[in-house]
Amino acid sequence: MIKVGIVGATGYVGQQLTWLLYHHPKCEISFLTSNQYSKMNFSKIYGQYKGFINKKCIKIQEIDDYLDQTDVVFLALPHGKAFVLAKKCLAKGIKVIDMGADFRLKDPEIYEKWYQVKHDGVDFISQAVYGLPEIHREEIKEADFIANPGCYCTASILALIPLLKAGVMDPSSIIIDAASGVSGSGRSANTENLFTEVHESFKAYKVASHRHTPEIEQELSAASYDKKKIKITFTPHLAPMNRGILATCYGNLENKQSIEELYELYYKEYGEEYFIRILEDLPETRWVKGSNFCDIALRIDERSNRIIVISAIDNMGKGAAGQGIQNLNILFGLKEQEGLEMLAMMP
Amino acid sequence: MIKVGIVGATGYVGQQLTWLLYHHPKCEISFLTSNQYSKMNFSKIYGQYKGFINKKCIKIQEIDDYLDQTDVVFLALPHGKAFVLAKKCLAKGIKVIDMGADFRLKDPEIYEKWYQVKHDGVDFISQAVYGLPEIHREEIKEADFIANPGCYCTASILALIPLLKAGVMDPSSIIIDAASGVSGSGRSANTENLFTEVHESFKAYKVASHRHTPEIEQELSAASYDKKKIKITFTPHLAPMNRGILATCYGNLENKQSIEELYELYYKEYGEEYFIRILEDLPETRWVKGSNFCDIALRIDERSNRIIVISAIDNMGKGAAGQGIQNLNILFGLKEQEGLEMLAMMP
Amino acid sequence: MIKVGIVGATGYVGQQLTWLLYHHPKCEISFLTSNQYSKMNFSKIYGQYKGFINKKCIKIQEIDDYLDQTDVVFLALPHGKAFVLAKKCLAKGIKVIDMGADFRLKDPEIYEKWYQVKHDGVDFISQAVYGLPEIHREEIKEADFIANPGCYCTASILALIPLLKAGVMDPSSIIIDAASGVSGSGRSANTENLFTEVHESFKAYKVASHRHTPEIEQELSAASYDKKKIKITFTPHLAPMNRGILATCYGNLENKQSIEELYELYYKEYGEEYFIRILEDLPETRWVKGSNFCDIALRIDERSNRIIVISAIDNMGKGAAGQGIQNLNILFGLKEQEGLEMLAMMP
Amino acid sequence: MIKVGIVGATGYVGQQLTWLLYHHPKCEISFLTSNQYSKMNFSKIYGQYKGFINKKCIKIQEIDDYLDQTDVVFLALPHGKAFVLAKKCLAKGIKVIDMGADFRLKDPEIYEKWYQVKHDGVDFISQAVYGLPEIHREEIKEADFIANPGCYCTASILALIPLLKAGVMDPSSIIIDAASGVSGSGRSANTENLFTEVHESFKAYKVASHRHTPEIEQELSAASYDKKKIKITFTPHLAPMNRGILATCYGNLENKQSIEELYELYYKEYGEEYFIRILEDLPETRWVKGSNFCDIALRIDERSNRIIVISAIDNMGKGAAGQGIQNLNILFGLKEQEGLEMLAMMP
């Protein structure tokens, strides 16, 4: 059994990792940290584990006692907090999957500009592999250190890469308009995310200023046929639901093309991928809820020769913890879908 | 008192008209028709009226008995159903406010192409004024026949007109990405809109093919500085909430401009408008829920020199019944906000 | 115009009072206090007021500057906080409507036992009238100081009093099982009321220990035909919605009685009441949402000879701010429904 | 592999069975019937199966072609529809698990009175075992024909049996007040269950007249220490959520008893049960959502010496399909939790 520690286990990403690991046939949980709930039984905070996970949360400071019996550590922390822990674990030969943003951007200057935090692990950036398996699988296989992608980024990058690789779209025309469920905002107590403030409302936020922007740009640029720097416009919205991201991505086609030709690019790129489903029908977030799938469909606006790619993921699944486990499976040579075969539950 | 009949009173638009008229100080309800619920007391279908509206629904065929005592009729019918009734009422000298799509498009060919129905009232098209008061107020004042705008159209047109009038945006670059609450789908019993199918999900629908597209294009073209035909890309989404539309509208700026300069265009255009609120903060649908306001904010994506205009309305308010009453007020020379002064209720 | 101050204006009850007063034809707002948001414009916190209420929140300490121009003050504070302010305002001849629990219970020992706070206004208890107009209207007319009832209490007391007055039910058999929307929990930032913790779940809380229990008992006992002390069992539940309370109240009938006889008791008691609607159909919280109505229906379980009374209110309306305004109207000799005539909006 | 057919696969219970069977390590799906969607691919109706279940729905009339290769059939049909099919399958030696109500009640007169349908399978009633494993496990092991319990019944019966077995509660005092998510109403297109009619509302329905009443009474009577006929009062409510049932059950204790003594009865009865979790904290439906657990907690109202038992299940899980699979596991000698080990997902 692979022994897995989770730092930040009582946030939503940490808890979703715990849930997946609990059901994973090849993993066992080594430790769960929580600063807020240290010494409390994990099942006291998350009642679904009553009778099944009987483990006290420990403080980050206490993990040293557990690291010797740990094969891999997930860091599910706010940005700026992974530097010290990542270095410590790597130094001990423990693999690290960082769920946060600290090692996703290859350029520390861009990191510091968007996150307003000094990057305190510059030497380790090159060691961190951007953990989007459908794009970087071979590097992940060789890695010890994974920077797990952001939720909006996963949905957006997977949606757009086949077009950019093929060079059929004007890269300067990309607009990504996405909506997320509220779990993306985390579990901190703040007025803004109270039920009564979110329910029965819809809004845009961080328009043209969301931190996932440079991350999407980095990956789209690297994957595009001519490697030129791509700049996108990205608008996130908050939808009154627990989970799910839908990304509606727009771009101008360079030439007239049939929808079949464009679909063909996606089949070629993703045809063998277990977790990407190329759909004729439009995706809906409910069909991926709780799963690690990314559903993608294409439409052409004939009147403007614009391509519209729509992708749906569960922000907690393929957008965070599910993808984290997928990376773990690759790191340890397991079947990629191990512990991730569940389909969305309906209704 | 102005005597008002509502044809199609038990659909959501009809019921919202009833609600507004019930509270309107200068109107009284003459008749309420409902094919599905004829002979039933209106308050049996909509329980909030128990003890306050004690009126039986009549069939459309029975309205002749009421037309003599009626000053204005709202038609809240599916498209294709307003032709006969509109003509009949107008012939009797009764003003008509058509909440449906039959007379919004000036070109019957475009109507027939998008709605797949023969236009059976071509002679009356020129008589119908597009009832967006902030744009067509003077014509509405002189009219007998109003084509009340579509919900997405109201949010989109109001959001974009100041930029197009000023000619600061490339009209071929317009993308409108909008989300609506479920009431926009009406009250017909269909599986797709069951609570259990909609709740906890988000999806796009009718991508690049929604019928509000030509309506938006007609009005944007007419208002733009050079009157050229504008083609837009429009993507509607369904959000798991009862009410509200948020439109996120994108366009490329022709030149570098400051956000202040652009806001100035909106203040100039809408500064005197009671129902348009130009905001610095981003709009949220909850702040307009139940009201007739349209909240608008601007952002520039400096990196791509793209303008993002975000507008919020209540699809039942400014997007349908509220605007219908606003038109009624203008038609009858009342204060425009009569009966429409309610602010959104929170939470 | 009656000049009204609100202490605690940015909590949900305070904000709902503000909303009702803004629309009230005979009132104007004198001041709004908020410790958390002092010096901020009220419309910055509650966006629906943008352009319409342009008032800065003041600190409680600053109200002295406003009291001279104030006729009545609403106290919308957590329990234990009304003592000092109530006394100060009353001393200045300003009427006080306390939305909190501090003066609802006539017996300070019971208050101290259930609220775990010393009662610091014992001398004023007898001056405070329990502000349930349908039961205490005559006393309210003469009063300067109103203790506005709790939300669950209003729904429960109005549901049961006709039966207890008539002595047709065994008072020891009363069980009240009620569910409330989340706004009843207030606007404080706490993890428990995050959207993601409440949405898609239903739970009971404070079973047999909720503080509204003694308040319900006090009023039921006083109203019952023999004035004996009544003890009830009360179970509140949390429902995933913003607003609304439904109380399902059970009791054993002393004798066999027809449903018509029992309805007759309600018509006799409430037949003239504007805000109580006795229904044949079962109440639903949506039909009273945003209004000041209390809808009540009766059923007999013939098999056990048990009466089931179901009442629905809006916890923010008749359960708090609406009733507060109803009390204000009585205090100032206005028509009781002044500013409260709005029916629930649907959907 | 056990070959399983589902009749009525596109209703919510049928689909949840499909979902559980898809993930079940020892079962495979033999056929899926759907009258409404016959010939359509199942994954066209339920998009989560895209790429994973590629099976066309067949008509009931076509199942003969499949029965030879089928070991067990689930009937997920409206009441009154199971008679013919159950007999046919049993005659062929195929086991039957009826998810509907037709064979739950042992007394056909009671069935006919509550369901207003002639019982067309009286000879088979005695063969049908009431499929509540925690109560009837030994009989289920020997059975070929299971009447799977109703959702409210499962929550209520499990909550109350330990008290009735011990004889500590007055059986004539039982009141069950329960709330269910909307999936309990099924997937038929009707106005009443539209998102816009259910969202943001809470109501009671079928007060003292719900068809689960006699089923609960049958099982409570049979399990009680003196086997006397028990009559209960049962009130179901509709909560604005997809899934979950919470049952709040009241009864008068015969004598003063400590909460510990009462909990002891539950530990004795259910201590070995995998799917029953006896909690100190109050249950919440979210902690059982998607699972087959029944969470139970007890409280005493000391002031009235009343016991309050609160139980939570997922109406689609332990309340329907989960329990159906649990019965299948017992029928075929599998581990009872096979395919049912998933814990609730949060948020």
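Which chain is which? They are A, B, C and D, in the order written, and residues in each are numbered from 1.
Note that in this section a contact is a pair of C-beta atoms (placed from the backbone, for glycine too) under 8 Å apart; a residue touches a chain by one contact, two chains touch by 3 or more.
By chain, UniProt protein names: A, B, C, D = N-acetyl-gamma-glutamyl-phosphate reductase.
Everything numeric in this text was worked out from a predicted model, so none of it was measured.
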**Study point:** Between the pairs B-D and A-B, the one where more C-beta pairs touch
**Key:** A-B
Exercise for review: If we define chain centres by averaging CA atoms, which chain lands farthest from chain A? Would you check?
Suggested key: C
Review point. Per the centroid of Cα atoms for each chain, what is the distance between chain B and chain D, given in Å?
Key: 46
Exercise for review: Would you mind pulling out the distance in Å between where the CA atoms of chain A average out and where those of chain B do?
Suggested key: 39
Study note, to complete from the structure: Multi-partner residues in chain A (2 or more other chains touched) are 12, 183, 196-197, 199-200, 240-243, 283-284, 286, 347
Practice item. Over in the complex, which chain B residues touch chain C? Could you list them? Key: 12, 15-16, 19, 22-23, 44, 46-52, 182-183, 199-200, 242-243, 277, 279, 281, 283-284, 286-288, 290-291, 295, 341-347
Check your understanding: Which part of chain A faces chain C closely enough to touch in the complex?
Key -> 12, 182-183, 187-191, 193-200, 240-242
Exercise for review: Could you please specify the touching residues of chain D with respect to chain C in the complex?
Suggested key: 172, 175, 177, 179, 181, 196-197, 199-205, 207-208, 231-233, 235, 237, 239-244, 246, 248, 250, 282-286, 289, 299-304, 306, 308, 310, 312, 347
